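Structure first, then comments.
We just call them A, B, C and D in the order they show up, numbering each chain from 1.
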Amino acid sequence: MTLLLSLLLIPLLGTALVGLSGWVDRNFARVATLIIMIVDLAVAIILMARTSGGPVQVIHPWIPSFGVSFNLYVDGLSALLILLTTFIGVIAVIISWNEIKEKVTSFHIWMLLLQTGILIVFMARDMMLFYFGWELMLVPMFFLIGVWGHEEKLYSAIKFFLFTFTGSIFMLLALLYVYFQHAAQTGVLTFDLTQLLQTELSATAQTWVFLGLFVGFAVKVPIFPLHTWLPDAHTQAPTAGSLILAGLLLKTGVYGIMRITIPMAPAAAVYFTPWIIGLALIGIFYGALAAYPQRDFKRLVAYSSIAHLGFVILGVFVGNAAGYQGAVLQMVNHGLATGALFLIGGMLQQRTHTRLFEMFGGLWRQMPVLGGFLLFFCFASLGIPGTGNFIGELYVMGGAFTYHPLVGALTVFGILFAAAYSLRIFLATMHGPETTAFKNLPDASPRETLALGTLVAALVAIGFFPNLVTGPLYYPPDLSVPQSGRATTPAMVMPVETGTPSPVLAPTSPPLHTYLLPMNSNQLSDQRFDIASLSPDQQEVR
Amino acid sequence: MGHYQPLLPDLILAMGATFILLLGPLRDSQNLRDFLRWISLGLVAATAATLVWVNHGMATPYPLVGEGWLTTAPLHTAFAVVFLATIAWTILASTVPDEDAGEWYSMLLFLGTGMIILARAANLAAVFLGLEVLSISLYILIAFRYSKRSSLRGGIMYLLLAGFASGFLLFGMALIYAVFGTLQIAEIRTLALATDMGPMAKVGFGLLLVGVGFKLAAVPFHMWTPEVYESSPGTVTGLIASSSKGAMLAAFIPFLFLLETHWSIIWLFAALSMVGGNLLGLREIRVKRILAYSSIAHIGYVLTGYLAGDTLSANAAFLPSITGVNAVFFYVVAYAASILGAFAALGYIQGERDLTLRDLRGVGRRNPVLAFCLLIFVWSLAGLPPAVGFFGKIYLFSAAINAGYFWLPLIGLLGSAIGIYYYLRIIVHLFMMPADASDPKVHASTLQEWVMLGSAVAVIALGLFPETIFSFLRAF
Amino acid sequence: MTLPINEALILSCILFSIGVLGVVVRRNIIYVLMCIEIMMNAAGLAFVAASARHGSLDGQAFFLFVLPVAAAEVAIGLAIALLIFQRYKTLDLWVVARTKEA
Amino acid sequence: MFYNNGLPALWLIPALPALGALIIFIFASRMPARAAGIIACSAISLSFLWVLNVGTTLVLGNHHHFVEHHWNWIAAGPFQGSASFYFDLVTFAFTFVVAGVGLLIHLYSYSYMKGDAGERRYFGYFNLFAAAMLVLVTAENAFFMFLGWEGVGACSFFLIGHWYQKSENTVAATKAFLVTRLGDIFLLIGLFLTATLVGVSFSQQSAWTQVATSSFIPGFGGLTGPQLILITGICFLLGAAGKSAQVPLQVWLPDAMAGPTPVSALIHAATMVTAGVYLIARFHILFALSPNLMLAVAIVGVLTAFYGATSAFVQTDIKRILAYSTISQIGYMFLGLGVGAWSLAVFHFFTHAFYKALLFMAAGTVIHSLHNEQNIYNMGGLRTKLKGTYLAFLAGAASLAGIPFITAGFYSKDAILWNTLSTKWGSPVIYGIAMLTALMTAIYSFRLIFVVFHGTPRKDIHVHLPDRLLTWPLYILAFFAIVAGFLNLPIVFGVTPIWEHSFARVFGEWQAEPLIHSHAVEWMALLGSGVLALGGAGIAWLLYSPAKAPMPEPAGDIATVENNTPAPYKAVWANFLFHGWKMDGFYNKTFVRGFRITSGVIAWIDRVFVDGIFEAIQAIVRGFHALVIFFQNGRVSRYAMVMLFGAVAIITILLIGSQR
């Protein structure tokens, strides 16, 4: 299928085009990159539409002697994240227009390479290809931070690289182990995930495989206590870098956990679930609490990412449809909302050359539009209904509640702290007595307004129509969403018979592995959009 | 004559080298230098062609030719061709004063002779002879710029320590010979596997390993690397790191039966090298030394692959492609492609003093082509996709895991995580630090830049299509 | 007369050890080169002795290889040593190691 | 689109103001400031007309309710919440107030906010608030309601902090948002419980009766149905308390007066703060199933009523007096809910919305006329200068005080008091406290009248007369503040209480019936509360008539007394009341400071320890580096020695080591 290949090749070959045009004029490089990104976005949209009929796959032999194939596979979840990737790619180019002033051409080449790597990760069905893409993401990001970053850029870039690379070692070992186990059991050399998932692993082996994969992905997510690279990297990266880090790179970790870790070692996943839920909860509160007193705009937002990703991980591991959908929603929303906060942080820095809250204050008068956007994204970040973040958090909290009511209740408190730090972002910059340090700061330019406005529209759209995001998860063959995730009738109360336990509610969820394993049957897809209307008529008159 | 036909390549190369050595003093002119360069290249090419021709269709395991001197096994032939390619590359990429051209190219050819003998040795004496031809050429090449003190210092250090190690090797061979009564490695193998080894044989093989370990610069025999790498001309350093080690690796393949008894030594070599090499390089600021330390670590990775062996690994039956030696072959190719380029590039940058990280600043701005090539090479050395080093490492560790070693890959990968740090520092200084006031002195001719660019592209291309290397291997 | 093989091997071991220790303790290039010679010749002795034990000529032939190789090595070693003495005005390896670049 | 099966579409009700807000925000920078007000007013008036249309269709058609389903909004396992609208009588009452009173306040704001720098922003948020509030009250299920619930909270935050350059306003806004959000957390937990137990749709709530009889419910660790009902109810109660400023989460409301006065009138008096009442009324089945829960609601209500009245007693800021009085009056509504008088609680909300909005707007007019003077002790004698405003204010205050027979407040409050005494959930103790509170209410209401409007001006300031848009809405509200009570005349008057009668359809059998059927007792109670109100007015005259000195005596120059003044009064008890029973300080010292310290400590831990772990690893690696690099000294013999050691080690290992 050429669609998948073109999705990859457009940014990859685009680097040459950008190189050439940048050689002519640096502005050409910007324009060329923007065009390439937009074309890629268009391809992703087509792909999204195509995926609704079933997964799209392309397999080419690559390294037959090693069982490695160029195996791309896109189903609803992948298509969703690919769409997010290309979308954020466009925004990142738009937003770097004025910020990046030197080495313009190479900046855009790195951006395109980064996009290629991320796309490989989201598309690869072959685990070696996945790992290839995983490592491929590192270098461009390293350059983006290291060359175009801020004052502590080198330290942050190296820290980012070392953390992720070290994590990926464990992932690689676990993958290789499963590969050889599979080869030993079947005699077939392959890195195809679908086949590797058939490998029978003993409980001990599963434990180690799970831990290896989990550590590899957890660094990227990041899960407490492996998060310390994140505040530095996010803070020091250029705006586009922060946007992509928050919007996409963190998501690759979650994607890996969803796609590989849990299906590969389902029993171990069940075993470790309480621990990981504990870590996720710690992440939620720890991130939020650590975010609050930060003095640096982007650093605060970076810590808030830890909290948001805590929600995502929680959703993934509570093991029910609500949590799973919430996790996916939260991934997308976090990418948009937190990404937007980074954008605004970058815009403020570009205007004022500082990110410190104590330098700001009362800027709303000078930049009403930017302030309005900041207000919106702060409220999105704290999960106000009407934005996608609310839906994501609600789903995750609901999932956690189904997992255990107390866990759910505890999770809900996370949003209080989220409110505290989110409000602080806005209040410390836009409210209060107007600082005298800055005069005549320009308000959002049309380009910035366009970028931020698009993000607002996307968030609001998801906030009212979460099906936009969760819908693709139901595309056949419905790999990822548990059965209880379909829109079924709301909880019903049955007549109670004496002597039997009340059938009220019973929020039972199937064991984790039963639904995270790929299912080949389409038995679930019939009732996809079965609307849970409460009365058969649109209007009921009694 | 037919009996000696398989020796033809070695003869061509050695005689050509002598011939060039004689031509050398004729005239100091650029024309002569260029002439010698192309002559040498032609000789190398001819040798390679002959090598392939004489060995064609003789792919029985370890057939002994020339009185049991050399093997025609495809793997070894392939190794030899690769080494010849590195020599050819060096001939192209190296800079040499006009007046020394004859000596330079002839020594490179002698070096090549030593390598192809060593790589195909089937006999202890051939191992020794090949090793010494290689080493003696290297002494001269290392100390080639004898007007510089450091060059002499590096030369004498390498000479003394290599001689010291040769002594161990030789004595070990003597002991082995004393026990088994033969110099043919295949016979020794049969005898050694047939019976329990006595202490004398064990010690003999142990001393042999000392010599091997020195040549490979495996910890704890690695001490010479930083000084020698530092003081040699850039291209020679590349050869020391790549094909000189590679030849020893190839020569070691017949000895792989030692894994039965000596695996723990190799395990230790590997583990210590991977950890030690990466640790040593951590805070080094002299760039060539960084790569020297990294080469120690890389030998650790290679030895990890060797542990998987050839036929000894448990699961080898279903995984014919990634036996340890195949992975090692892949890695030698990958590593050679990367390290040759890296050292050559550093050689172009080198000024009067030791080249430090600080000297790299601004190179990315002033000479983007060279900096880009260096980036690719370092990228490959660090084992990151899409450069070829990525799959090199993956194959090695896969082979090790396949053979049932788990800790070693883990150690190796953790070590490489440490190692990433110094590779990143090189990249950081190349691209991310403001240039010092003084211009970095980069002297590379157009030809050399094209050669560099070509190898950089090759490194990426091989990384994207790693199967090529196996196809190459299968072609023999 | 028969060669007492074990004794010859022991002798070669002793010679080898002397050579090794010499390399380790001496700092003068010439002495170190000499000690390396001793090591090689110790090995040669062992080869010859073993050759006698096994009644094959391989070992002795091997020794014929060792001699020129050792000679070549020493020749180059001495040449470099000469240059070193010119430049550093010393043959002490430690001093050479200490001397800063020029 | 606008009509389905001949019935008016419900979605238009919130959509119109939402559209208004959208237009204002998108074109804010390109429209004249005044245009925003016009758009906002048009949007809300259209919405109000549509509410009337829907409401009359409902009432005249004698429908129980309308449901309008749009799309599946939340659909995850047991958590199902569609974007659907629901319209019954309760909704009608609330939408009528939100859109109707909202319209008046919009018009009022059009004049009030003239020339303000943030005028466009103000009207945008005002319209957005109206939209969110209308979603809140028209939502078909609790999740959709939560959209509006949080939306109004957000808008409240925006509008309290409207004058964002003053730090106090910002602090007040944050406080309001965070405290209500604390309540919202409990509300969410309650919603999750509801969703899993019976489903969040309002039409499913009768299923609680089955939960109440279950002894075992899987997934809740052995909790029984009644226990779960209690937990759910407490969660809802806390959520409602947060939004409606009830004890113990009432602290935010007085500070919320930092916003522009129309904001206080609409959000913090008439509509948003009564969302808690709406919530509990909607979930009345749940509450009615547990007597303990009912008692809790009643106690919260009466306590808050008492709290608000006592605190209002000593305030000096006109808006804070009204704020505390709002707290107190919503306490009455909760009391009504707690005794099962659902329809009467809604009725009290209805009347209260009119007279409290009226009071706030009248106060706003006063403040506006006096150039932002809010201290009542700096006013005085305005009766002559602001005659219309005075009359309107008088009507509102009379209604608040419950002056018998002619005011709406009398009828609504007295009905709740009567139910407190007479229904099965009521109790004489609570009744007693409620009566005492009613007395105090009358006192502080008339204190306002006497201090602000009577006597002579205490400060010589120029009064600029309000324009028509600032006064006419007052007259309309004053009219309703008087006559709205006639919708529910007591049964002892020999007429049918229309309101209660109509709402019986909604609350059905869950509506508490008086256990006392004696008309004599009811008459006595009626007259009793009437006497209390008049008596209160009399006491106020005794204490605060222009001839008397203000009581209690302020400590210093009363003109400088501000909200955050530590001790304006000499008397300790007065200061205690002035600071809202010092609960603010308590919360500040415990929760706020606790949060600050914890977050600081966590950030410190993150910097020092968590990062420190990795710094330590780095240091260890560097240490090893230093160790191995030590041997690299360039001395050949040393290198040879290391090699020798290596060789010896190899031989040793080979000779003593075990084979594989």
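One rule holds in what follows: contacts are C-beta pairs under 8 Å (C-beta built on N, C-alpha and C of every residue); 3 or more make two chains touch, one makes a residue touch a chain.
Note that the coordinates shown come from a computational prediction; the quantities given were computed from them, not determined experimentally.
**Student:** What are the chains that subunit B and subunit D both touch?
**Tutor:** A chain counts here if it touches both subunit B and subunit D, which gives A, C.
**Student:** Looking only at C-beta pairs that count as contacts, which pair of chains has more of them, A-D or A-B?
**Tutor:** A-D
**Student:** If you average the Cα atoms of each chain, whose average lands nearest the overall Cα average?
**Tutor:** Smallest centre-to-centre distance to the global C-alpha mean: chain A.
**Student:** Between subunit A and subunit D, what distance separates the C-alpha centroids? Give it in angstrom.
**Tutor:** Here subunit A and subunit D have centroids separated by 36 Å.
**Student:** Between subunit A and subunit B, tell me the centre distance in angstrom, where each centre is the average of that chain's C-alpha atoms.
**Tutor:** Once rounded, the distance between the two centres reads 44 Å.
**Student:** Averaged over CA atoms, how far is the centre of subunit A from the centre of subunit C? Could you give it in whole Å?
**Tutor:** Each chain's C-alpha centroid was found; their separation is 66 Å.
**Student:** Between subunit C and subunit D, tell me the centre distance in angstrom, where each centre is the average of that chain's C-alpha atoms.
**Tutor:** Distance between chain centres: 96 Å.
**Student:** Of all the residues in subunit C, which ones touch at least 2 other chains?
**Tutor:** In subunit C, residues 20, 23, 32, 93, 97 touch at least two other chains, as defined above.
**Student:** Mind pulling the residue numbers of subunit A that touch at least two other chains?
**Tutor:** Residue numbers touching two or more other chains: none in subunit A.
**Student:** Could you say which residues in subunit B touch two or more other chains, in rising order?
**Tutor:** Correct list: 153, 156, 160, 164, 168.
**Student:** Go through the chains and record each pair that touches.
**Tutor:** A-B, A-D, B-C, B-D, C-D
**Student:** Going by the contact rule at the top, pick out the subunit D residues touching subunit A in the complex.
**Tutor:** 4-5, 7, 25, 28-29, 61, 63-69, 71-80, 82-84, 117, 121, 140-141, 143, 146-147, 149-151, 154, 157-158, 161, 164-167, 170, 174, 177-178, 181-182, 185, 188-189, 192-193, 195-201, 203-204, 207, 210-211, 213-221, 225, 595-596, 598-600, 602-603, 606, 610-611, 613-614
**Student:** Show me the residue ranges of subunit B that touch subunit D in the complex, using the header's touch definition.
**Tutor:** That would be residues 153, 156-157, 160-161, 164-165, 168, 199, 202-203, 205-207, 209-210, 213-214, 220-221, 223-224, 226-227, 260-265, 268, 276, 279-280, 282-284, 418 of subunit B.
**Student:** Touching subunit D in the complex: which residues of subunit A?
**Tutor:** 224-225, 227-228, 286, 289-294, 303, 320-322, 325-326, 362, 364-365, 368-369, 372, 375, 379, 384-386, 390-391, 394-395, 397-399, 401-402, 405, 408-409, 412-413, 415-417, 419-420, 423, 427, 430-434, 464-467, 470, 484-485, 487, 489-493, 495-496, 501-502, 504-509, 531-535, 538-542
**Student:** Using the touch definition up top, name the residues of subunit A that touch subunit B in the complex.
**Tutor:** Touching subunit B from subunit A are residues 62-66, 128, 132-133, 135-136, 138-139, 142-143, 146-147, 153-154, 157-158, 161-162, 165-166, 169, 172-173, 176-177, 179-180, 183-184, 187, 189.
**Student:** Name, in rising order, each residue of subunit D that touches subunit B in their complex.
**Tutor:** 621-622, 624-625, 628-629, 631-632, 634, 636, 638-640, 642-643, 645-647, 649-651, 653-655, 657, 659-660
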